[in-house]
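Take a look at the structures below.
Heads up, the next two complexes both have chain A, just with different partners, chain B and then chain C.
What follows is the complex of A and B.
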């Protein structure tokens, strides 16, 4: 069993009067993939947005309870959110490259975080990030072209390369394949398998099959509550909770 | 929360699979019972009918195979549905093998003399009745998803082994009295062994039902009774 990288205890999230998460206790293991599943609006995205304080950008959002990374309180008011987000990267549902060149998409992060002072250092970071995200061979001869000129699947791998470029510890993926075709999806899944050797990964997905394929641990959310969490194999073969079973077998009314 | 699938046709396909398996089970039961009767009563007229009914069972097996393939490819079943699908595959294989063994027993009737002594057939009859009871119970446990009943069947296979031993001994006794008995006694020995093997397939089914219900395999090794050395 790997070490716990992220630990949430009695985590509650409110959007104004509406409570979106209820006392969530969830541990994420280091260098492992944790999949979060559940119907739309169940709180899985809200949960991962607590890990990099993305909820800060929503004025009416309030977070209570505890969430820690390596023992550090993520909710600490004095915490430098920029450095937190350097440690916790994120990839979204729709690929969202910057309207810049492929090269700039990746070098932007390291530059603002003060990594890669010289051109050759930046070149190295760009090349390594693209290699790690399995995109290098496809784009090495056209780094000056806009990131948006790539196909959807390539754009998503570019976004993963961008997340990797600042050398994070955790990567959050919010339905990273839902806009991709099966081949692009397979490439991302293959990539996740490779990335988990280095990073702690949390993936929100609506595809049960994807959760089974990529993750070691799965958490099922419903109406803001974490209903069941356990080894992925156990959750999909023989879950303890009836609600989990009803959801994964398609019996949810 | 409802227990039905949101997709109705998925629900129907799973139900259809269960129904097919239950029908196959009851066909296997009748065939086993008919084959047993044929041996005990040395009823040579029923042999063809029993052989024919085995073809029916085999047809069910391939029908169930197709249903399972379709379910896997169309629905990618999870959790209880996955266990239900995989269990049906395993159970139908065991039922088919029991069918083969019944057919084999029916074929053994042909060379038997009509005047076999009662004491020779008595033990074989008891064994046959126990195996039939076991098959009936295990199919009940499948229909009712009854873990305890399946486990009971699993434990009772020990008695099947013991009765096999006793039935074998009486055939061997009979055989040793007169060498003229050698030919058909051999057939009776095979028939006895076939029943014991049917019992093993029933034990397989019991294990599958336990897995289906609880999602975990029974722990420990199977209870074993007296065994005639092969």
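What follows is the complex of A and C.
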């Protein structure tokens, strides 16, 4: 059993008057893939956006409760979100490379954090990140081309490379394959399998099969509540909760 | 059963009819659209044709080729005289003596009529020739002297010579001289350098848009320097940093309202605050620039904000997620992407300011200014105001000058708009 990397305690999230998360208590293990499943609007994305404080962008969003990473309270008002996001990277539902070159897409993060002082160090970071995201072979001869010229799957792997370029500890993935075809999806899943050796990964997914394939732990959300969490095998074979059972067998959602 | 069937048939009939009706409506709409485009184009063609036919002749001026003998006795200066001496020397008698030789006149009256065929600047033109070469004493040269407005218009065919003499500004005798000049090829049309180099003048043949050009240039420059940074920073703050609450809503509504305020109101504001209270110099490009900047500000902020808004939020999120601060995500990613739209919005705002007349009239730019301004605090005219001034003048020569000035103004506007479109198309990034 791995160490607990992130621990949420009684986490509540409100969008204005509407409460989106109710007392979520969820532990994420280090160097493991945790999948979050549940019907649309159940709060999975809201939960992972709490981990890197992306909810700060939304004016009306209010977060209460505790969420700790290695004992540090992420939800602390005085916390510097910039250094938090350096440690917690994120990949979005729709690939969103910057409209810049492939090289610039990846070197941007290290540059703003002062990593890679020299050109050769930066080159090294770019190469390593692209290799880790299994994109290097495909793009090594055209690093100057715009990131937006790649295919959807390649763009998503570019975004993963961008996330790992700053060497984070945790990578959050918000339905990373929902805009991709099955082949590109398979590649990303392989990649996730590889990445979990180095990083703690949280993935939100609508695909039950994907959760089974990539994750070791699964949490099921429904209407803002964490209904059940446990080892992926157990959740999908023998869930404790009737609702979980209904959802994974496709009776609702 | 039967009843039901007939009902069904009726239904299917109306369905077909409805379909036909829909197609007819679409055809009608296309026809209306096409017609309105054609009507609009027709008006543009009429406008442009009208301006060009009236204005194109202003770019040429009529000159009379005249022999000038630099008589030492009349000039009282020597070869190699210094520039100062030449400037002070009296060329008037020399001019008279030479010009009356252009045609054999019988008496004093005829000589006077002959002299009136030349512009009021003939003396200066002769002096300038001497300034260029100060060894001309005792020599004869041929000079192209600018003709008077009447001869200019007559030669360009804008003057009806078949009117009875008492209703003409040109006498029968002057027509005889003119015909003599034409026959001996002494009259021709040259490029009108006065139109571009001179300031305003009471004599149409000497009047130019040089002063107005410089005045407009200074005004727009000041307008750009004031309005652009303020507008860009205001839009970035409002769009990216300001909290969304009632105060920012109120500001937004007011910016939109200010963009719709009639420009003359800004003129009144400038009159009261800039001229009466702060006492800035009247009729100057400085005041014009500040006034135009006030007017242009909201007109730049609106397109700036629109182009910032057009940058997809995913770009901001992507930057934030790798740990960029808010400031970095805005200035490294959003602003560069919004820049083409921002610049083209600014250029279009400046183009509007360039054509603005009403506020400039209120701050005294309608003054008759002969000198070309050498700095933004010298009294000056501007292109649209020059159009306004000349359009009111009675002399025939100002008609073509007015249209030619409009042509200049329009070509500046077209160039500016072209740059705006080019910037937008060339540099705007497309995201999927």
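One rule holds in what follows: the second predicted complex is superposed on the first by the 252 of 253 C-alpha atoms of A that agree within 3 Å, B and C clash if a C-alpha of one lies under 4 Å from a C-alpha of the other, contacts with A are read in each partner's own complex, and residues count from 1 in each chain.
Keep this in mind: contacts are C-beta pairs under 8 Å (C-beta built on N, C-alpha and C of every residue); 3 or more make two chains touch, one makes a residue touch a chain.
If you're wondering where the values come from, they're calculated on a predicted model, not measured in any experiment.
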Given the touch rule stated above, what does A:14 touch, chain B (first), chain C (second), both, or neither? neither
Based on the superposed arrangement, let me know which partner A:57 touches: chain B (first), chain C (second), both, or neither? second
By the touch definition at the top of the document, which applies to A:252: first (chain B), second (chain C), both, or neither? first
Looking at the overlay, does A:22 come into contact with chain B only (first), chain C only (second), both, or neither? neither
Which one hits more chain A residues, chain B or chain C? C
Along chain A, where are the residues that touch chain B in the complex? 208-209, 236-239, 242-246, 248-253
Please output the residues of chain B touching chain A within their complex, sorted ascending. 1-7, 10, 76-83, 214-216
Where on chain C is chain A touching in the complex? 243-244, 312, 314-325, 328, 332-333, 337, 429-432
Residues of chain A touching chain C in their complex? 52, 54, 57, 59, 82-86, 89-90, 92, 94, 96-99, 108-109, 112-113, 148, 159, 162-163, 165-166
